[in-house]
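What follows is subunit A paired twice: with subunit B in the first complex and subunit C in the second.
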Partner chain A sequence: MLDLTALATCFTSSSCLVMQTSTGVIIGMLLFLVASGVTLIFGVLHVVNFAHGAFYMIGAYTAYTAYGATGSYFAAVIVGTLTAALVGVLFERLAISRVYKENLLMQVLVCYAFVLICDDLVKIIWGSEYLAMGIPDEFRVPPLRLVGGVVPVFYVFLIATAALVAILSLVLIRYTRFGKIVQAAARNATMVSVLGIRVPIYFAALFGLGCGLAGMAGALAAPVRSMTPGMGLSVLIDSFIVTVIGGMGSIPGALLAALILGLTRSFGSIGFPLFVDGAMFMMMVAILVFRPQGLLGEKAVR
Partner chain B sequence: MNMSSPLLRVFALAAAVMAVLLVIAALNPSVWLLDTMTGLFASALLVMSLHLLIGYTGLVSFGHAAYFAAGGYIFGMVLQMPAFIAAMGSWSVPAATLFAMAGSGLFAFFVGLICARLSEIYFAFLTLAFQMLFVSIIQGLVAYTGGDQGLTGGIPRPEFLGLNLAQASDRYVFAAILFVLGVLAIRLVTLSSFGATLRCIRDNERRTAFLGVNTYKAKVLVFTLAGSIAALGGVILAVFTSAAYPEWASWSVSGEAIFMIMLGGLNSFYGPLIGVVVMRAINDVTLLYTTHTELTKGLAILFVVLVLRRGILDWIMDRHKNRTRSKTAASPARKEQTDVAP
Partner chain C sequence: MKTNLTAGMSRRTFIATSAGSAALLACPSILRAQNATIKVGMPTILSGRVAILGETASIGAKLAVDALNAAGGINGRQIELVIRDTKGKPDEAARITRELITTEGCQIILDGESSGGAFAVHEVVRDAETYCVHAISETSSLTADPANRAHWIFRAGRQGIHDAISGGLYASELAKTGATRWATCSPDYAYGRDTTAEFMEFLTMFAPEVQTVGETWPKLFQPDYTENITNIMNFAPDAVYTCIWGGDLVAFFDQASLYGLFDQFQTVAVNLGDLPVLAAIKNLPAGIHSGNRYHPDVPDTEANETWGENFEKGGKLPTNWGWQAYTGANFVIEALKATAGEVDRDKLAEATKGRTIDSPQGVDGTVTMRADDNTLIGYAIGYGKTISEEPYLTDFRPTPWDVIQEHEAEWKKRKNYA
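Moving on to the complex of A and B:
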């Protein structure tokens, strides 16, 4: 069960170390994109989007189709992101916004229904077999050499894109007019609407942004992971673990936690393959017991 | 005497339901009906035990199927040990059922210890997370649980009290007994003073704590109790399929259980039972036309949550209340009108 010698061997070999670290970082960055959407939506709208995994799936599948149609991976990522954002706005307007004031049970049920419908629609449109996009042509180039190890160029692109998007969304929320209005509306929506601002539009836009981030993560993950209906669930669980460890509502916390989780996953697959999920849960339980607000969360939650 | 009259009524109702269910078995019905009813009993125990958490304590658990599946797995794994059957003889099945309840309850107790400290959103997804952990443990321990393939190879079910569980009719009787006893136990909990404490917690946990109630302890206790009763549903399903599968603990089982409560009616004790039957009907009718049951279930949920905004029994009760209210309200209103008219 525990293979510490394999782990120790990996730590002494720089090629293994570079390989596992880069894998861990891409898992972490993809998780971060999904989790930052969950955290943004919760921070402002105070709903936990249990359907967030579905948007990841939508992003991946639409990117797959767009890549097949255009042959351009960049276009595919844009299509995946925008489709997920658009569906997110529709979902917010037609369903979630009607249960903002209801209890948790209603919100959970609406999300659950949405996931069921999405999973079945994906089965109808794309079939229920595993699909694989493969590494796009743009990135079929020799890997980079880095401190004695090799890193595929696609990984570098993926990490850079995710980091850029993370910085942009943080800037958008903290420093722009849009972000300030949204933050104000999170505190007191009635007051903001009295000032003549159409709060529902901002809420829908924010929900769309969160879903777009999940869709982008799905589109970015499509070349390195296989696609299947229901693929959103494990991503959803992981992103919840990330938000709990990092602190609900904290974007830097989500980044830190996502990287910790990604590295645990990649190194854990060598050292304790059967216990990777268990280790992540142990971390989450420890956080919940000793520091319920999360690593970088501000308010105590109970 | 006055105190015990609601209790008497509950026991009388349980005895009557048991009698009716046994009469159905005696009428020699088709195997299809017996099997359908057996399946309904299993879901009903899952749903009613979850109702104790959601409807009576306000704890939205998204991972209740874990205890349901744990019941089935423990039952099957215990009975697959030849030593256990040798020791217990003809009492193997009842003993294994008790083991399943105790083991599942213990599992729920440990999860409850952690989850009951948390507020509602954290509670919901932490219970879901523990369910996923349970599934990954089952899939990992291939040597004991059969991993992805499930606990196959058949579960030996020695005869006891003249019940041969290989037969559909005897299986039905066994399931009916567990169903009636399980629902009776839940009903007694809701009628007890502990049940009143739970409703207090649901309505306002902080005030309940001010009254000197240890709400954390109460929540852990009810979580444990609900987990061990859900295990009975898993036992029925394990008896029925002579196996146990990791899909029983999938998140859609939990989500569907939550929906069945909502569909039947959250505000009455027996409402969720209606939800169980209606859900089964939606499922089976859809299967006549297409395999895409998830799509119709999803649309049904959206309809109930966004349009009806309450369960079937709650909707009927509200209509009934409105009608009686409008009748009593209508007569004075008319009088006023006639007063004004001339």
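Moving on to the complex of A and C:
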């Protein structure tokens, strides 16, 4: 179960080290990309978007259709992102905004209902068959070879995009007027609205942004992941692990957590292959017990 | 003291007479219903990630039942398929099967659930002593293990052990051309573990020079296979075996091709031969070995091709699940014909045991329900290679059934199943 010799051998081999580290970074950045939407929404609105997986799915499917219609991967990504954002805004206005102050269970129920409805709508519109976008021609090139390790060009692109998302979201929340208003409104909506700011619009915009990020992740990953109705579930759990470990609301925390998890999976698949998932969940438990605010989260204001 | 509104009759009498007359009036319609249709309950997966399983199984079953009903049914009685969605959850499958039997009045169950759910359905039909034909589950122990047997339960689909023997034989030919270092990458649950173990057992039996240089076990429905792919590359094998299936296989193929995996070694992807998978993978690499699942060229007969075309009229490409459900429905139909429509569990079981029926997917045009363990034999089974355009799979090498059964018998002895 524990193969320390294999792990040690890998650490001493430069090609294995490069390979596994790059694998870990790839997995981590993809995890972050998918989790960024949840982190953003919770960090500002203190709402857990359990329907996150559904927006990932919407982004993927609409990108698939757009790719089929235009032949352009980048157009497909934009379509996927915008569709998910739009649906997110509608969902927020019609459903989520009514349960902001409610019991968490209510929020979960509303989100779960939305997920089920989305799964069936997707099945009706696109069918139940497995769909795949296929790798766009721009990325159909041999992988890069660095110091004995192998890194596909497409993943380099995804890593760069994830890094950009991290930086831009951070800037948006901390340093722009929009970000400051939304954070203030989340703490005290009444006071902010008294200042003449239309709070519901800001909330809707932020929720839409989070859903747009989820949709963008789905669209970006579409070339290498197959699409089926209900595909959102597999990313939902991973997103929550990342968010909990990183600190609910901290984007740098989510990035750090995602990278740690990615490297755990990568090296773990050599050192403790049967226990990789277990290790990830144990980390989450340890954080919840010893540092409930997460690695970089802020302690709850009492 | 108040007088009753219904003068001359107390409320109790009124209710009693109404109930009595309603029952009396309903009697003829109950009798008529019993003469009208024979209900066959079919729990299957119609939603979620594997919705395509239930959708194609439904088309297959309906193909058989509609043909029978159009030809007059069983002595004038029509068969009614009652299809219900189990959502792929075993507890839901059990609940729905019980409902089909007790509430819907189905005395025959055509089980369209995959392995996990099939075992749940199995327990219900064993308890309720209801005649049942499993059409989808491929897990060998469902019929091979005597502890699971009941004389009124049958399996009308392929069995994992048959595929393992056939695959092992085919792969031993690859080993003879130099592929002696094998790695495996299969989903980490009962089907993945058992099927991979069975395949490697037979491969090493037929080609003792083969050694397993590494195994990696992704989770079922895992979206990201990156660490499994890099593991395989680290093992540096000559050949890779995988029984990943469905949408996961599509994702695995796309991700692996980013790393140029298929240029480096031979690949045996048992479940690649599924038409929905082949249709979804863009830029299918050539030279991948796969089992047949459903293929219009296996067997290469007009009956099979026509069957495939008729199936497509139902709106989906034919699948392994589709032909299995069609076969299961036909066994039910033939049993009902033999009992002249009498829905008696023991008579139906007797009529199914050992029966041979016509089948477009049978090696010689027929398939048989083997008498000693109530499971299907005689269906076309073989391995072939991919090409990058239709029909995507070619060079099929079928495995003869006498060879399969000989090794299966030995395997049963080893597992104390005999």
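Just so it is clear, the second predicted complex is superposed on the first by the 267 of 302 C-alpha atoms of A that agree within 3 Å, B and C clash if a C-alpha of one lies under 4 Å from a C-alpha of the other, contacts with A are read in each partner's own complex, and residues count from 1 in each chain.
Everything that follows uses one rule, which is that a contact is a pair of C-beta atoms (placed from the backbone, for glycine too) under 8 Å apart; a residue touches a chain by one contact, two chains touch by 3 or more.
It should be emphasised that the depicted structure is a prediction, and the values quoted were computed from it without experimental measurement.
Shared-chain residue A:228: touches subunit C; no touch with subunit B. Contacts of A:296 after superposition: neither subunit B nor subunit C is touched. Using the contact criterion defined above for the overlaid structures, shared-chain residue A:279 touches neither subunit B nor subunit C, since it reaches no partner.
Once the two complexes are laid over each other on the shared chain, residue contacts for A:120 go to subunit B and to subunit C alike. When the two structures are aligned on the shared chain, A:130 is found in touch with subunit C, with no touch to subunit B. By the touch criterion defined above, A:98 reaches subunit B but does not reach subunit C. Of the two partner chains placed around the shared chain by superposition, subunit C is the only one that A:265 touches, whereas subunit B remains out of contact.
After overlaying the two complexes on the shared chain, residue contacts for A:110 are found with subunit B alone; subunit C is out of touch. When both complexes are overlaid on chain A, the residue A:17 reaches neither subunit B nor subunit C. In the superposition on chain A, the residues of subunit A touched by subunit B in one structure and by subunit C in the other are 119-120, 123, 233-234, 274, 277.
Only residues 42, 48, 50, 95, 98-99, 104-106, 108-110, 112-117, 119-121, 123-124, 233-234, 237, 240-241, 244, 274, 277-278, 281, 284-285, 288-289, 292, 301-302 of subunit A touch subunit B when the two sit together in their complex.
On subunit B, the positions that touch subunit A within their shared complex are 54, 60, 62, 114, 117-122, 124-126, 128-130, 132-133, 136-137, 140, 251-252, 255, 258-259, 262, 266, 292, 294-295, 297-299, 301-302, 305-306. Taken in their complex, subunit C has these residues touching subunit A: 47-52, 55, 216-217, 219, 221-224, 226-228, 230-231, 233-234, 246-248, 250-251, 254-255, 257-260, 276-277, 279-283, 316-317.
Taken in their complex, subunit A has these residues touching subunit C: 10, 16, 19-20, 23, 26-27, 30, 119-120, 123, 128-135, 139-140, 142-143, 150, 152, 154-155, 221, 223-231, 233-235, 265-266, 269-270, 273-274, 276-277.
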